[in-house]
Structure formats: structure tokens, C-alpha cells
Amino acid sequence: MTVATNEKKTAKDFASDQEVRWCPGCGDYAILKCVQRTLADLQVESHNTVFVSGIGCAARFPYYMSTYGFHTIHGRAPAFATGIKTANPELDIWIITGDGDALSIGGNHMIHILRRNVDVQIVLFNNEIYGLTKGQYSPTSRRGTRSPSTPKGSVESPISATNLALGAGGRFVARSIDTSQKHLAQTLMRAHAHRGASFVEVFQNCIVFNDKAFAHFTEKPVAGNNQLHLEHGKPMLFGADNSKGVRIREGSNLALEVVTIGENGITDADILVHDEKNRIMATLIASLEPPEFPVAIGVLYCDPKPTFGDELTQQAEPTTKRSRADIQSLLESGRTWTVAG
Amino acid sequence: MTVATNEKKTAKDFASDQEVRWCPGCGDYAILKCVQRTLADLQVESHNTVFVSGIGCAARFPYYMSTYGFHTIHGRAPAFATGIKTANPELDIWIITGDGDALSIGGNHMIHILRRNVDVQIVLFNNEIYGLTKGQYSPTSRRGTRSPSTPKGSVESPISATNLALGAGGRFVARSIDTSQKHLAQTLMRAHAHRGASFVEVFQNCIVFNDKAFAHFTEKPVAGNNQLHLEHGKPMLFGADNSKGVRIREGSNLALEVVTIGENGITDADILVHDEKNRIMATLIASLEPPEFPVAIGVLYCDPKPTFGDELTQQAEPTTKRSRADIQSLLESGRTWTVAG
Amino acid sequence: MGVDTTTPTATGTDREQIESVVIRFAGDSGDGMQITGSQFTQATALFGNDLATFPDFPAEIRAPAGTTYGVSAFQIHFGTLNIQTSGDAPDVLVVMNPAALKVNIGDLKVGGTVVVDTGAFQKRNLAKAGYDKSPLEDDSLAPFQVIELDISKRTLQAVETFDLTSKESLRCKNFWTLGLMLWMYGRDRAATVEWLQEKFATRPEIANANVAALNAGHAYGETAELSHLAAYNVPKAHVAPGLYRTVTGTEALGWGLLAGANAAHLEILFASYPITPASPVLHTLARLRAYGVTTFQAEDEIAAICAAIGASFAGTLGITSSSGPGIALKGEALGLAISIELPLIVVNTQRAGPSTGLPTKTEQSDLLQAVYGRNADAPLVVLASATPSDCFETAIEAVRLATKFMTPVMLLSDGYLANAAEPWLIPDASAIPDFPVSYRTDPKDFHPFLRDPETLARVWAKPGTPGLEHRIGGLEKDYDSGNISYDPDNHQRMMETRAAKIAGVANDIPPQTVNVGPEHGRLALVGWGSTFGAINQAVRNAHDEGIEVSHIHLRYLWPFPANLGVLLAGFEQVIVPEMNMGQLVKILRSEYLIPAEPLTKVTGKPFKVSEILETIRSKSGDCA
Amino acid sequence: MGVDTTTPTATGTDREQIESVVIRFAGDSGDGMQITGSQFTQATALFGNDLATFPDFPAEIRAPAGTTYGVSAFQIHFGTLNIQTSGDAPDVLVVMNPAALKVNIGDLKVGGTVVVDTGAFQKRNLAKAGYDKSPLEDDSLAPFQVIELDISKRTLQAVETFDLTSKESLRCKNFWTLGLMLWMYGRDRAATVEWLQEKFATRPEIANANVAALNAGHAYGETAELSHLAAYNVPKAHVAPGLYRTVTGTEALGWGLLAGANAAHLEILFASYPITPASPVLHTLARLRAYGVTTFQAEDEIAAICAAIGASFAGTLGITSSSGPGIALKGEALGLAISIELPLIVVNTQRAGPSTGLPTKTEQSDLLQAVYGRNADAPLVVLASATPSDCFETAIEAVRLATKFMTPVMLLSDGYLANAAEPWLIPDASAIPDFPVSYRTDPKDFHPFLRDPETLARVWAKPGTPGLEHRIGGLEKDYDSGNISYDPDNHQRMMETRAAKIAGVANDIPPQTVNVGPEHGRLALVGWGSTFGAINQAVRNAHDEGIEVSHIHLRYLWPFPANLGVLLAGFEQVIVPEMNMGQLVKILRSEYLIPAEPLTKVTGKPFKVSEILETIRSKSGDCA
């Protein structure tokens, strides 16, 4: 319980008194810490903040925050959040969800909250596995994933969370990594600043059932060459000393390629400049994957438009009819007749 | 009831004996006729063909076909179809669905059948309205749609069926128009030829609740200027005498523009050439809308990959263990002990 | 228009006085029978009769013209006395085409009157209806009084001076018919004229043509050369004085939810996904934004209930609404609402099942689903409305109980109630008792599962309140802190507490009374929901026949009123008429171990009074 | 390894002979208690005892080490006589850390033995468990026999010659403990050694170290300087001769489904979405591809049941599986399967609710949901399994009924059954009666709702069959053609037919028998599902005390066997013990109007024999 004061809040003030119960070494810890710190940096009011989740390891998150929290049912957090936000637009709402929660059972609610542009932050902890139910493959698991339900490996192609979010009409789509604390904090800040549905996919390591799923681009030695940190208006450079870049392959009809600055006369000017308002560019870079390409990290797309709440408010008359007399007139509207006594 | 014979089947042979019960003038009639003709052209076996639908006006479709048919529940046709196809890969399966059925309640199943690439044809009758429930706005309805549930107009941005299909990983995404019989037939042929989940959005006029929703690009006088008929490998020309074209605006970072052949030195060579294997191009052109742009019609994207069924079959041992002795060995597998008599 | 439309005289005709009559208007979906019916209803209500109506739509939106499955009908029962149902069988049948005759003639009382538009009885229409030859030309209609009129032609004549297409002209024929029927029963045309002028404000020629048709039909009656065209007088009903309107179950339910929320000092988030026959509740509430009602058309039924629960979590009254199949989808989320103990109202406008069933037909077969249809032991409150106007009362009561006990309440209506209309003595809104909710605000010793010692309701602490930050969810909660608890004894305690809380509602509702008949005796008919009228009438008729029988109508289906067991034990026989395969009867037998017996009907149609009366007769014979 | 691991002698120790014992192994989630338990179970089964087990996992995947909520336990009850339950309370408690002691000591019988790894009782662990001071140092353990051993240290010593990290070395301590316990009860180590060698085939040093720890623990017992270290002999059970294995409910259920499909000459499409505790059924079947089983992990529970129904439509056996909340989501689709009358099996491995509840704990609270939890009147068949091995039988029976009657069958298991293991006399697969399905192939006079006049089952006509093209769906179907029908009388007829078909199943199942005790008399305990063992034992114990009481166990929950009403009427009192708030009791009261009374328990834990016995004692007092 936190009573609002004027003192500066610290990350600790956003931690609840409940013991955190993820597996030791789980990537969720890092995200929790980062979120708590970000809220402190933002100096939000804990009593105006609500964390809403579905079911899964990730979805336990709200219990560990000192804010309001609602641990709902599997896959439906976006629908609950829509109701909460519509009922009270003043609340600052975070949805915490997993890849199964958001993209398997909850796929429909996810695309609709994005389409409606409800003003919430959605943080998807993508560990490419069902953690809580002990390790079955998920819609983001790579083909061939061996799991209790796919002893010979899964045959399905994974869904791309960011491509789906873009396809559904999401206006803010970003990516970060559990252990990249600084980057994650920045990304969460951006998500919070964006009015509308902000979708952040966080690559999260499940040490128990899918350890090192993202090691090929998150581990220190390979991170530089395999991560492309996006910044609006900046060329898409990466690698040691930003020596490599991404550009549209000439005559390619919209395909990208990796080039090295200095080689074949290539300069910074040849490199594709990130335009976060360009949905097509976001779609292009969302699909980049090692080994050929680096993974694009940061804000892929941010192009705000009026939120669901804004539009509702704008359209609706304010609630003016609150009295019993108003109810009476409603009941008496239309054609009536009097029977004399 | 149609008994398979060797005689050449006609469109009539694919009509059931049930009276068609759509509203007079409904666009569904034209699609029905076209599908029946297409099946006749393909000379498919009606006993190997299954039409699966959810609930809605469109979803009544199976009753009017002489093939096998399954009118299921609202939004779930893709899940039923996945079960049918997995149980019997020999069957040729068509899913008939509406914009509410496919994109509102059924959005999740739709994205997952596309992602899994189950070998079926999906025909979405998009009338941008809930027909069967008498005219509420749907997820594809344009903003401001006045309907019984939105007396002041809807506030939500419509979802793009094709963008969603592309975002979900669909490998065949196409569009056609109820009344464009030839084009629709060709498109359905292509969909049928594609192994995997083929997604066809058909703009369908609901004369009762959303009349003329597509008139601005389907009616004869405006069709030429407002429809871009896609052909793989051909430049994206349209308008009278193919006098206009679409190209990537120079220096634009992936934005399109309409140009006129002959003006400002523009020739056919400047025009974007349709590459149906290019998902980014499909995404770009899927979003084109009048008045600025024509509506892209035809096969936006077709890039086959192994189907769900193929992969399952390839991975799995064939069913070799059918006897009671096999069951017995299974029960006796692992550690056992004998208690003497 | 120069014709005086206000005086319902029947110059030159001697009106026969009758106590009540049942008229059914039937025609093609495109013939406007629902409008004809509701206009006739309006005029009849204004005249001062009591009445009940039964609109019966085809399943298809607009079936091809002339087909039997495209027939749309509207039945009205009106009279001088208390009218309880829309009538077992029509006395008068008005048919606009052969298909309408075909589908409806079997229901007409022997000796009844059938008014036929002969102009629609061409070959093609006869064939579409499946007639080899015209039924007007053989003796199949011999048992009835047939009034043959070429309404089509007469309508065209009446509107020929207007600048309409011939299709538009012909469309006026329902108003010609209405004019005739208004004349026949001495009703006023003014309200209809007004309605037409408002409805077609932007197309006055349409309004005027219809008015002309209306007047022509009326004038035809006045001046009818046909001697068999009798006119009737159905005197006003003797009803309580006051201001009246007609109301459908849907309107009353929607307004009742609003009135309840108002009494609770709450705004509403009404989240729903369209489904027949529930959607009109959504449509009704969508127009009430100024009253603090926000409607949300969700992507599916699950999202709808989740959004409603979210709203309740946020301190607003969350309401969701659907029909059977959609309610089935809400079961999991409903369990959550029960587990976290938030107010929530779930309206189920029941329809005929199983599965998609007969979506436009009525049934009351979701009672077991309401009481038991979720995983695990998850009790909630279940109420049902009896009549269109009762929808208003039960909706208010649903809000009262949901907020007082912090619990979901399932409110059962059905397809019949939703569409049926009746005259309604408009209640005095200021007389509705206030039951304002009080949110928790005090952080001292707060936890979210603090309970009112009397009602066992937990505190309602809404986000935004400083110092009350808390987390809730579907995992079991510690009784003393609200934190997650896996403790076995705590689970037992919480299960018992949730059950006790709902059981305690029984002490907060009025004791069960007997609607008609003695408080104990030989035979009781126990009903719930929209069968109220038919049972009530049947029991009254039985009394007239000298049979001793009581009618007990349950508004509270879970929990039952505290005295119900004792009350029922006072009867030798208990019969439970239900439009299902026997659901309430199961619960009554199980709760009270009484040998209650079902009287079931699952045709998609309401009970007839006669069906129930027959059972009463035979059962009272059993007792004797 | 030079030590002989095969002879379970107890040199130098006099083994005390006992009839049965209950041991609970408890430790941190990371301590491998489930493995210890199952290895002990294996050895005990091989030795020839009868047994029952109860694994009890924490809800967290891998809770932080040392916490009370991270404690994982495994209880085994074994003996010479028929073992019915995993035991009311442990005689012996083995704890690997303070948290395990804290959580479990309350359950230990007074005078029971607690084996403690003192090496884990450091300050930090004590604090994590919430102990201010070590319970080993005060007199809180005075009521028990405490065996304090520094297992951690002894394990490290035992494995020090292997090239392991210290973490890896310490992980062997569960095998040291197992070795000691195997010695204590004179069990063989060979199977465990074999298991270790197979399991760690690629890491032989791990296998060898664990074997060394196992042997060291065993040797410690043999040579124990401690005089209080007693050894026991629990003689073999006298069981039917034949080939045995241990089986869990999950395995037996999965194999039963396969055996049933085999008898029906069908392949299986098993479509499911993971959920605790149901997922292991999916995992079991996922390994049976070669047997004609395809598994499909769907995007959600709704898609899973829809895919299964689709498969049945296509002529394969569709099966879906979930637990309570997931089953709730399937209600709408289940209604469709009922309406279109296709075979389908829905397995519900029940867990404690409502809502998310206590996902890893057991309950049998979905019976009402199974019987009534859908919109409208939508009857199906409901079966429940009694024991792990009974899961095999009931699964076969589910397939038989689903295919014979063309109906969905709900098969109820629960979290306890799913994980519990028992010795199983492996059935003779060739003795399972064949019940091959026959698809319709003849187009003559075909329509899809042609019925078998006896069973009322409709024909099964699968796509791909020439001449049988047809359309089905959830709208009401004409009795005589299968086409859509809105006809009121047809709806009534179809409703009655669907109900009659399911009611007719009662004539196709064995009459209800009494499991123990007289066929009529003073008191019957009527149970269903996994309470079988506890009720059965309690009734037997009551007999030993001279109390007259009968045990009736229901496998068929809907419809009931035809003779059940008469059978129950033969008892003065009927008590229905259930792990819910009283569900079967409601149905029995309603169906048979008998004053059956509930005995409920909702702690997430199975009944103890003593709890039921106590009720029997007090109720038999009531009768006397």
C-alpha cells in the first residue's frame, strides 16, 4: 500500500510486499526491475496506475507491483484493459502478457485493442514458449521446437509479433530485450509517452524451458553485429563502430541488404534512414533476422492518431442527464396517454 | 445428392436443392454463381469437396452447394476446417466467411490458419457490416458508420483484411469483387491452385444494410480509374488505356504515387512491376485507397511454402501400429513385473 | 390532407360490442407487417385497451418475396379486461399474400375472420406458396368468414395522384389495410398520421401517399357496400389511472438498467456483441450516452464480458448482454467475476437451442446454464423477468443485488419478452428507492477482501483511490489479506463464504407470494419468466371453471426466496410449466425434495393458455 | 560399480514386519522429490506391494529455493493388503530442508518418524522457511521420532571422487536419501540404477555419482551405528497373478482412448490447448503417431474442440481435452456437436476452482458443468474414472458410447487421478471387445439424420463418400430430411429425440451394482470419480467396526444406470461424498427425490479415509 506523497518515488516504491516467485534466473526479473525503475523515473502515481495481465509466468507481474493490479484470465487482458480504460480514462494502464497469452489464445483481443488504439501500454514477454504450463511450444516458437506436445519438433511457422501488430493497425510498435536495461527503459518510456495502444515486444529468456532462445543476438559477443538499434531520423547503422548498415538493394523491389561503410564506396548517405512514421519501413525491418541481418530493436513504428477514448469522448455528449427527472422524461418519451382516475 | 460420374459437370451440378434465401439483390448471389461455375471449370468431385462456414449471411453458403457442407458456429470455421483437413488431407476445403465472422469473433482462428498454412481456400465476403444480425457496424466498417449500435457513427478505424492476413504470415492473399464475375473466377482458380491457406477477400454488396459501400470503385463509370488489376510480372497500370500507373515516389522512403504515362517523361518502364512473391510490395499496395489511389485487385501475394498437412505427414511415421498386439506392447512398454500365480 | 383523421366514429354501422379480440397481421417480409402491427398497437393502446403483442419474424433478413419462409407476422390481443398473453389463436387473420395464408390459416379459430388481399393471389404467388389452385376458389376456407378485397388495386387507386413509382405505390397497401382495421375496431388514425409525417419528413410524398392509403382503407370501411363487413367496439380496459405508454421487454429492460444504475449512483459500461434476439438491448442503450451509459460493441462475447468486468473493477457498473450461445462463451470470465466478487450484470435474452437452434424463436432453456454453467462451484444470483414491463423492475433489482452483494447477477429475458409490447403505467422514477454504492476510500486496515459482516460483500475499492492499491485475480485469495493463498483450509473457507454470501441474498429479497389462488392446497403451478401471462390466465380461467389451483411466479431463480420450500410443501401437486425440457423443475425437486412435475414445450412458441388450462384440468382431476 | 545392488537384505538388522506404511518425501522443487518418490514407487511395485501415490507440486514452476511455497512433495502408501488411497497421514516424513518440515510436519502422525537432512538447516534456510530458531533445537518435534542425518555432507562425501561441480554433487542427495529408504523397507536398487544409467546415458559421470550416492545411503542403513534406525518388512501383497506395471491416470487414460479407437477401427485427432493438470494427456498422445494418433495443439480451447468436431465430421475420432476453465470455453461448440450428433470425446481433468482457483490442486467440481453447462437443453453422456487404472476402462467405454450413439461424451478425471500412480495388472488388449463403426455408404434414401431405430443414433456419412454429399449445421434440422427446419412441431420432435437418444444409453450400460456392502439397508455412500479409494476403504473399515454401510460407485453420471433409482430407494440414508460443494447429490435428489445428503470437501486435497469413516460412524448412529 502506497499513500501518495510529494516525495520523490524510487523503484522500490513500486514493488509490492509479495515475494517474487519466478524461477531463479528468469528474464522476467530484469523486466520487473526495469519497469519499476521506469515508473520511478516517470514519477507516476501508483494509485492511478493499473497493471493488467492474463495468465502465464509473465502474467504474474501485477502481483509484484505496488500499483493497482488485475490478474485476469488467459488471453483476455486487452479486453479487460479496454473496459477499465473506457470506464476511467484517467488511469494509466499497462498490459503484461506472454507470447501464448497474447498471440495464441489472446490473438483476437490483441489485434482489436491495437486497431481501436486504446491508450494503454502493452508489454509482451516473448520467451517463445509456454512457461507456466511447463514448456509446450508457442506461436512464436521456431519451427522444429521440441516440446512435450511436439516430441519430434513443431511444424508450424512462428508468427511475428511485430508484423502482426503492424498488420492489425497498431500505431506504436517497438522491441527490446529483457537484459538490455537501458534500452528497455527507454523503450518503455517511449511507449508510455505515446498516446494510444503502444505495443512492446520484449525478448525474454525462459531459463527453464527455452534457455538461450535469443542468445544469438542478445549475448554480449554477438550483440553488436546482430542488433540494429533504431533511432528516428538516423541511418540504420550497426556493428563495431557502426561500420555496417542496411539499405534497400538497388533494383530489388523493396528488399534490404547489409552493406559495410567504406566498402564499394558506400557511405553513411547510402544507408536507409529510419522513419518511425513509415509503416512499410517498419514492416520491412521487423522481418530482419540473423544470420543474414541484425534484429531491429527499438521503436519500429510510431505514428499517433486519436485514441479510442479520445474519439468516444469527442463524439459523445457529456453526461448531463443524471437526475430522476431525466429518467422520468426518458420513460415518458415517445407516445403516451393518460387514463383518468 | 450428386453421384460421381464421368460426365462433364456444369455449374448446376454444384447447386443443392435448397432454395437460396438471401435478400433479393444481395451480392452473395453473384459469388455463389461464380463459385459454382468455377468448380465446374475445375471439374472437382463434389464428394471430395467440403464447404465450411461460420455464422452470418455469407455463412449460409454451404447449404446452397451440392458438395459436403458444414455450417458451424460463429467465427470458428477455420478451426473446424483445420480438423477436417488434418483428418482427411484428400478433401478439398473451402471456408466461406463474413467480415464479422472472420475478423471480429473469428480473428484469432483466421490468423492461425494462415500462419499454419493449412491447405484450404478462404473466401471472405466483406460487406463491411453485420448482415445477419441486422446491420451493426463490423471491424471493416469505415469510421463514422452509423448503425443500430453506433447511432452517432462508429469511432474505430477499420481493420484491413489483407494487411492482417499478410501480417499473420498468409502465403496467398488476393482480392476480388462480387460482381466482377470473370475476375472473381480467375482469382478463385488461383486460390484453388495454391497449395496452402489461400485468402481471398471479396468486396460484397449488402443491399439492405450497407448498399453501395464499394460503389466508389466497383461501379462501371469509376471502376477503370479506381481499380488496379494486378498481374505478376506486369507493371501496375490502370485507368483508361492503362494510361496511369503506380510507382515508388522518388526519395520517398517507400511511398507510392500515381503517375500518368507520357506526362513528365514517364514511361511504362517507370512503373512498379508487380511481384506477387514480395510480401512488402503486397503490404504496400494492400493499403491503396481512393480517391488518391486505385484499389488493388487480384493476387496481391502468392509465395507458397510447405503446408501444415505436408509437414505433418513428412514428419510423422506412417500409422504402422494398428493391431491389438501393438496396443499390447505399448501397455507393456517400460518397466513391468510378473506376479506368479 | 383534408380528411379528418381524429374521430373514430363508425357512422352508419352498428358496432358489435366484444370484450377482447386477437388479430394477426401476416404478409411478406417486405409488406411492412411489423409496422402495421405496431401502429395498430399504438392506436389500440391510445384508445385505452389492455393488450399484448407477439411479433414473429422470419429467420432470413429479407427472404425472397412470396415464399412461405419469408412470411412475417404480428399478433395483437386486446380487450376490456386484463390481457395476459398475445392470445392462443387469432380471431381475425389479415393476409397480404398466399404464403401468409398458407402459413397462418391453421392457427385461425374456427369461425374466425380472414381478410385477404386478393390482388396478391396471382398464379406466381400461389405457386411460390405451394398452392396448386387458389384456396379462395376451393372450399378450404369454408370454416372461416372470408373477406376478399383487392387491397393492392384499391391502394394503387388511392395513391395514384402522388408522384410515386408503382413499386412505391404498392408499398402503401399495409396502410390501406391498417386504415380498414382501425375503422373496424373504431380506433383513431391520428397517431399513425403523425408517425408517418415524422418518419418520412424528408420524403413528404411518401408520407402523404401512405396517409391517403390509410384514409382510403378507413373510408372503405365507413362506406362499405359489403354487408358482411362488421364493425366492433372493444371498450376501454379498466386500468389504474395515470400516464401510459407501450413498452417492449427490450426497452423496459434497457431503461431498468439505467434506472438501477441511477439509483446506485453509477455510470454504466454496457459491453456486448450482437446476437439475435439480444442485440436490441445494445441498440437501446447506445442511445443513452447523455445518461451516463457508454456502450461498447466488442470483438466477441468474451471480450464483451471481460470489458464489463474491467469496468466494474474500475468502479463503473459493468453490464454485458447476449443470448444462449454467446452466454456459453462467457462462462469462464463469469467465473472470474464470481471469484473476485465484483458487481456485474449479465443479460441473457434466451432463444431456442441447442446450438444455433432457431435464433428468432423463443425458449427459456438457459436456466441450468445460468445457475450451473461454469467450471467449479461458482454461485451467482439469477433473476428472470415475467412481462415486458416487469423487465424494468427486474433490471433495477439486478443492479441493487449486484452492487449490494458485490456479485454477478444473471438476468434472464427471452425472445418473446424482448419483442412483445404491452401498455405500461409509466412508473414514478423519483419513487425508485435509492441504493447508492459506497466505495472504500479509507486506507486504514484495508485489504480488498474485507467483508461486510452482514451481507458478506467485499469492499469496492476502485483504482485511482490513493492508498488502496491492491491486486486481485482468479487464483484463490487469502480470506484475511486478499493475497494469493494455496492454503487448503483457506480455500474451504473461501468456498463456503462465496456460497454463504449468495445464499444470504435470500434474506434480502421479498418472501415468495402466491400470485393467484390459495396459499396452500391441491395444486400449484410454478412458473418463471415469460410464461407468466399464459399461466396466470390459465389459472384464472380454471378458477372460473371452479378448479382450485394456485399460480406461483418466481422472479428469483437463485437463490430462491427463503420461504419457498415451505410454501411449495403446502401443495399436494406442483406443476412447473416451462418452455424447455424441464429445468426449474429439476432445481425445485433437488432443493425441496417435492415431487414437482414438468409441463414442457419446446416448439419455439409461447405456451397457449389452453395448453396450460388443459393440464390444470387433468391434474385437478388427478387430485380429486 | 562394484557394490551388489540387487539383494535387499538387511544384514544385522531385525526387520519389523508391518502391513502398510505411508511415506512422504518433501523438499525443495529443485531437490528432485518427484523423482525420489517415483523411484521408490517403482522399487516398491517391483517388490510386489500394492500401492497408491500422491504427488503434490507447487504452483510455481521453480519457486526460489528454500521457500515454503517452493516445497514439492510425494506421498506413497504401500502394503500387503489392498491399498486404496495414498494414505490419510504419513507414518514417515522425509524432509530435505526447513521449509519442507514446516509445510508438512502438521500432517505427520503422532509418533511418526521424521528423517531430516540437518545439512540443509542453516540459518538462511531456516529464515526462508520462517523459523526463528531451528525446530531441531526446541521441543516442537517431541511428538515424533526424529532421525537427524547430515545427508548433504554424506552425499558430498559419497560422490567426491567424481568430477562434478559442488552444485552437481549436492544434487545427488535425493539418491542418497532414496538409498537409505530403500534399505529401510528392504527394497531393491537395481531398477533405479538402470533408470539412472539410461537417463544420464550421455553424462555417465552424473549417473555414476548418483548411483554412488544411492549405494552410500543404502550402506549407511546397513551399517548404521544408530540403534534407532529400524528396518521394516512390508510383505508382498496378495494380488492376482500376471504382468504388472505402474500406471498414472494420465497414461491409462491416453492408452484407453487409443485402445477404444482401435476397437472402433478409428484413427484419432486429439486437439487440445495446454492447461494444468490436463496437458500431460496431450503429451502422452503426442508420442503415439505410429498408432494412428494425430495431436494438434490448437491456438485455444475453442479451436481445439472445433478441430476435434471437424475431424469427427471427416470420419475420424475427434477428441479434445482440458481442465475446468478451458472446458467452460468449449460449451458453445459442444452444443453444436450435440446438435449435429457426431461422436466426440471431451476429457476434463478437473482442478480446484472457481476461475483459475488452485490450478495444481484437485477437485471434482465440474460435474454440473458437464451435465448442464451449455445453452439450451443439450444432453450428452458423462462418465468419470475412479482410479488410475480405471481411466483405461472408462476411456474405452467413452469411445464405445460416443461412436455407438453418435454423441459427445464427457469423460471426467481430476488432478489427483492424473498424477497418481498405482500397480496395474496389464490388461489383455486382444480381449477388449471390438466395436467397429460402420460409415454410411449407400446413397439410396440417404439423408444425414436417418436414425438407427433402436439407438436413435444417426448415420455417420463422411465427406469423400460419393453420393452422400450433405450439409449439416447448428440450426434445427428436419427430422425427415436433415434440412434446416423452422417448423415448431419438428423442433419439439427433435428435442425429444435428442433427449431420448441419450436417455437410451442407460439401457446400454451395465446396471449399477453395490461395490461393498448389502444391496439395501441403512446407509449407502454414493461416490464418483477419484474419491473411490477413500470411500471404499472407509466403508471397509466401517465393516470391520461392525457398521452396516454400502458403497455405491457411479461410473455413469449421465444418464444414470436404469436401476439406480430403485437401488438407492433401498437405503434409509444416502450420503454423497464429493470434492465439491455438493453436485452429484443435487442430481440424485432431483432425479430420484431421495433425501441424499452431501459430504463435501473443497481444500484442494483428496478425502482422508478417516474423514469419511467419521461421517459413516455418526450417520450410522443416526440410523440406529
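A, B, C and D are the chain letters, set down in written order, and residue numbers restart from 1 in every chain.
Just so we're on the same page, contacts are C-beta pairs under 8 Å (C-beta built on N, C-alpha and C of every residue); 3 or more make two chains touch, one makes a residue touch a chain.
Worth saying up front: this structure is predicted, and the values here are computed from it rather than measured.
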Between A-D and B-D, flag the pair that has more C-beta pairs in contact. B-D
Centroid-based (C-alpha) most distant chain relative to subunit A: C
How many angstrom lie between the centres of subunit B and subunit C, each centre taken as the mean Cα position? 39
Could you tell me the distance, in whole angstrom, between the mean C-alpha positions of subunit B and subunit D? 45
Quick check: how many Å separate the C-alpha centres of subunit A and subunit B? 29
Provide the list of subunit A residues touching at least two other chains, using ranges where the numbers run on. 55, 71, 73, 104-105, 107-108, 112, 139, 152, 312, 316
Which residue numbers or ranges of subunit D touch two or more of the other chains? 69, 289, 299-300, 325, 332, 336, 355-356, 473-475
Residue numbers of subunit B touching subunit D in their complex, please. 1-4, 16, 18, 45-48, 50-52, 55, 62-63, 65-73, 76, 78-88, 90-91, 108-109, 112, 312, 316-322, 324-328, 330-332, 334-341
For the subunit A and subunit D complex, residues of the former touching the latter: 19-24, 55, 57, 71, 73-75, 104-105, 107, 130-134, 136-137, 139, 148-152, 208
Per the touch rule above, subunit D residues touching subunit B in the complex are 42, 45-46, 48, 191, 239-246, 255, 258-259, 262, 267, 269, 271, 288-292, 294, 296, 298-300, 302-304, 306-311, 313-316, 318, 332-333, 336, 425-430, 432, 443, 446, 462-475, 483-484
What residues of subunit B sit close enough to touch subunit A in their complex? 104-108, 111-112, 115-117, 139, 152-153, 155-160, 163-169, 248, 253-255, 272-273, 275, 278-281, 283-284, 287, 305, 308, 311-312, 315-316
If you look only at subunit D, which of its residues touch subunit C in the complex? 58-59, 69, 323-329, 331-332, 335-336, 338-340, 352-359, 361, 363, 365-366, 368-369, 371-378, 473-476, 486, 488-489, 491-492, 495, 498-499, 580-581, 583, 586-587, 589-591, 593-595, 601-605
